[in-house]
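So the structure is just underneath, and the comments pick up after that.
By written order: A, B, C and D. Residues from 1 in each chain.
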């Protein structure tokens, strides 16, 4: 962030305490770390993603839980420990709307919706998976029910993400401060539509529309990842451009003039 | 005469909430000697059969007043707004956290109430509801941890002549966050301190929450009163 | 060309210099290209599913009424034509004509909507629902996700009408952006029609 | 200017509609007594006609004709990409199925 002299650690600590954009950078890094951890925990540790098949019979499901017993319990333990990280992340997204020329209503609505979405979209899933793995000797029909409960609450939490994306999209499109490029607003529509496309997961136990299907999961995942990568990069740009004013966000000066990127002296 | 803005009313609901929570805590038969995860299916079913009334009444109390902590978190978020920050990010984050713990607690609460609704059902089902309730109740820590860490960070960053909260409040919040952390891993074991009836996951966690409420209520009250003295005529 | 155009004024200088321009906000093209990529994904999944179960798809396809498909395609092409004329008229300052064309577009869109719903009703009467078989899963999925784009298109056309309505607004760029969206709805339908009704 | 342009749009619409009617002919030609028959020729021509229509809509209705080279090439690339994906799915799927 800064090119002041000194050891990297000292520089980091100094920036952490004094950098004029410390709160923004803090939230941005929390967001990056959250998504990294999220990927590692869901895909590698607990191995609940890519999702198991809803077409399996009960013994297969029990076997699936047994294969992942420790990974599920430990992985979701870490999920329970760290998922508070999504609060600063949502706060940063809400801040981006506060910086726009739109009503405060947008930022607060988005903040509440996305804070709410973590409960059915992540916690309920994690709790159901944990309880499913908790007692391997439990009646296998009940384990199967927990399996359905977990995957459906994860994939089938739709409205908050859909309306949340739409709120952000409208804010971006009518914003005059140029906080985000308009194309990201239109991409938000693609993201909102994935939540429509996933709805058949509640209906089908097999095929491309099931919760592990080519359309309801794989294509949606591609859109979600594209969208997420875009907004992480764009939020970074927003923070670099932030001038703490209320008018249009200034553009970044060309690279050559930025040999000392927002070092503190120049900011004050 | 200053306008009644109601901040103090909200603040003084806290002791009332605390008393109700403590009574409900003692009324629930499964807390004082926390139910062990090693209880057999039949023991769990018998517990819900024998203690139906106390489970129901205590959990109805919790259901009514479980969300009582939200005004306190919002009051804290408002204090954070007064700190020497350039953006409202930390107070937004606290607002984002505020609804989480009560919602998760309400889910646990519903599972307990469901368990006692038809205690004569198959013991397997009652055990499932009991597991869901205890796991949800024990792992509801993430937002509380985030709240503590965010408050600590906000206080560290609040460098002005008269900071809103003193530095020790930040250290105390870090300590509470550390005390809450082990509970997240409760599902890993049925016995020992990590189990949901164990020293770390039950006693340390719940005492830490209680201590946080008491201490933060006191410093919050001081901050609100100090501000009223400083700004006698609020705009 | 009003206040909304301010931020693209430099762009317009470029337009005159090069005599080449991107119609509407270039940003909308990101949506067009991304969304057509997504639909290509849906179509590929459909085609692969189709080949693995050819007879079922052929039998189910026999229940479709090509007349609905052709009617819908022509109506949507008419609407595309109308909105293209609308852009042209608005560019030349003939806002009354532009408004008329915008309303024509909406009218054709509504005709498509009505005919689509009638077709669904007919299929459901025949006993072909979303859960009947694989072909009808794809049929109802593709037609309804497309219809959703059409419904969003009505909002988009609403923006175009709003822009054309008052002399205080009339941002040519926004009108062109809206038209670009509407054409996307049209060409996606051209593909869906070929894949659902004609492919064997 | 307006007259020529509108005439051009009308012709484009006529061509696109005519291409739609080709489908009807394809549809009638391939079926025997109302039973639908699998046909690679029909499938491939249907996909190609649709993509040609898409390109015409790009070029004429969406005015890519007047757009900078980047957008012209990009849209053409997209049409090719869609063709590759759709025909590829069809042929690779057929190869795997048989």
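Rule of thumb we're sticking to: a residue touches a chain if its C-beta (ideal position, glycine included) is under 8 Å from a C-beta of that chain, and two chains touch if they have at least 3 such contacts.
What you see is a predicted model, and the numbers here were worked out from it, not measured in a lab.
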Inset, instruction - Moving only to chains each one touches, count the minimum steps from chain A until you reach chain D. - result: 2
Inset, instruction - Averaging each chain's C-alpha atoms to get its centre, pick out the one most distant from chain C. - result: B
Inset, instruction - Could you tell me the distance, in whole angstrom, between the mean C-alpha positions of chain C and chain D? - result: 15
Inset, instruction - Go ahead and note the Å separation of the Cα centroids belonging to chain B and chain C. - result: 51
Inset, instruction - Quick one: report the Å distance separating chain A from chain B, using the average Cα coordinate of each chain. - result: 25
Legend entry - Chain centre separation (chain A, chain C; CA means) in Å: 31
Inset, instruction - Two or more other chains in contact with one residue: find those residues in chain B. - result: none
Inset, instruction - Two or more other chains in contact with one residue: find those residues in chain A. - result: none
Inset, instruction - May I ask you to sort the chain touch graph into line, ring, star, complete or other? - result: line
Legend entry - All touching chain pairs, where touch follows the definition stated at the start: A-B, A-C, C-D
Inset, instruction - Would you mind writing out the residues of chain C in touch with chain A in their complex? - result: 7, 25-31, 34-35, 38, 41-42, 45, 49, 130-131, 134, 137, 141, 145, 148, 152
Inset, instruction - Spell out the residues on chain D that touch chain C in their complex, using ranges where they run on. - result: 1-2, 5-6, 9-10, 12-13, 16-17, 20-21, 23-24, 26-27, 30, 34-39, 42-43, 46-47, 49-51, 53-54, 57-58, 60-64, 66-69, 71, 74-75, 78, 81-82, 85-86, 88-90, 92-94, 96-97
Inset, instruction - Under the touch definition given earlier, write down the residues of chain C that touch chain D in their complex. - result: 18-23, 26, 29, 33, 36-37, 40-41, 43-45, 47-48, 50-52, 54, 58-59, 61-62, 66, 70, 73-74, 77-78, 80-81, 83-85, 87-89, 92, 94, 176, 179-180, 183, 186-187, 190-191, 193-195, 197-200
Legend entry - chain B residues within the chain A interface of the complex: 37, 85-90, 92-97, 99-100, 103-104, 107, 124-125, 127-128, 131-132, 135-136, 139, 141-147, 149-150, 153, 156-157, 181, 184-188
Inset, instruction - Give every residue of chain A touching chain C within the complex, in rising order. - result: 178, 181-183, 185-187, 189-190, 193, 196-197, 200, 203-204, 207-209, 214-215, 219, 222-223, 226
